[in-house]
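The first chain written gets the first letter, and so on, giving A, B, C and D; residue counts start at 1 in each chain.
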């Protein structure tokens, strides 16, 4: 992740427990895990539909919504994007990819 | 993104047009946009269900699948994770968050 | 389907082309296929979440939303619930079930 | 519902508790609520994608899968399609529709 994305993740987490009237993120945390998961699912549906359309900006916008709500869901569960990255890189096929990159690079 | 995740994204993109028998990613690209979008949607459903369970490792695993298929879908559309990050940071609320982080940091 | 459900399906279809200000269904038809499909997807997510909870009434309510939006989506595509029933009964396994029912009944 | 669809629903329910090797439905019940809900979600994604395509038969096929898995999910929860119909007809807007149908008919 970029430093900026890490900052964003930290700030999202800081909103846990704060007044739900103050921000959308606080409101999501206050609504609870099931509601956050529902929003993630909805954004995934919108990403699917955008991907089948021809508008590149729509896809970027919906994917950003999806990634954002994933960060909130993970934040609610005490998981970080770094945990997800580690899992991706740990997997056999992915390690193979990274290894190949190391050889090629 | 970390350097490793960038490498993974590059390697995913290199699989476009390669033999679908060689890797899961090549097979996905060969199957086409609708099939990749379908897989993204399925992984989102599994992430929702994992989030409602109590198993942290399940959530990490399903979120990794979701992020991976998002990278493939974006790769098929010529969009990068960096485009998504830029969109997140461009948004008003998010910029506000980043600005706050700069002040605090 | 019951006679009442058939009536509901007919009335949903009659809303196509009518003023979107008049009803939720007219508004959906006016918004178009992608929007109706998005709503169907969202209701499916809510049905999944309700099914994992312990509240029977929530599941009934979300499933009703899902079936309702399926009827609107089918109406927009010129497909009827009767077409769906026929497809279910046509399938090999299902035909087997029906046959067994006939023998048992 | 037609008599045939009612029979199908009854037969689906009879598969609860039977050997998972005997039928797909038994296997689903054996896999449990979360797995059935996951399948419902997946079929909804496929219905969304089919609706955005131009193939009427695909939409019928995916909608049939969706309705079928909804029946299994409801069966696992002790809810019937009749409960869903009753909920649809109970709702204010829907009652209005039915009332209008009664006046027109």
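Assume a contact is a pair of C-beta atoms (placed from the backbone, for glycine too) under 8 Å apart; a residue touches a chain by one contact, two chains touch by 3 or more.
Since the structure is predicted, the reported quantities are computational estimates derived from the model, not experimental observations.
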(request) Write down the chain pair in B-C, C-D or A-C that repeats the interface of A-D; the criterion is over half of the contact pairs matching by residue number. (result) B-C
(request) Give the chain pair, either A-B or B-D, that is connected by more C-beta contacts. (result) A-B
(request) Using mean C-alpha positions as chain centres, tell me how far chain B is from chain D in Å, no decimals. (result) 32
(request) Just give me the whole-number Å value for how far the CA centre of chain A lies from that of chain B. (result) 8
(request) Note the residues in chain C that touch 2 or more other chains, in rising order. (result) 34, 37-38, 41, 45, 48-49, 52
(request) Can you check the complex and tell me which residues of chain D touch chain C? (result) 1-2, 4-5, 7-8, 10-12, 23-24, 33-34, 36-38, 40-41, 44-45, 47-48, 51-52, 56, 59-61, 63-64, 66-68, 70, 73-74, 76-79, 83-85, 87-89, 91, 93-94, 97-98, 100-101, 105
(request) Show which residues of chain C lie in contact with chain B when the two form their complex. (result) 41, 45, 48-49, 52
(message) Applying the document's contact rule, which stretches of chain B touch chain D when the two form their complex?
(response) 34, 37-38, 41-42, 45-46, 48-49, 53
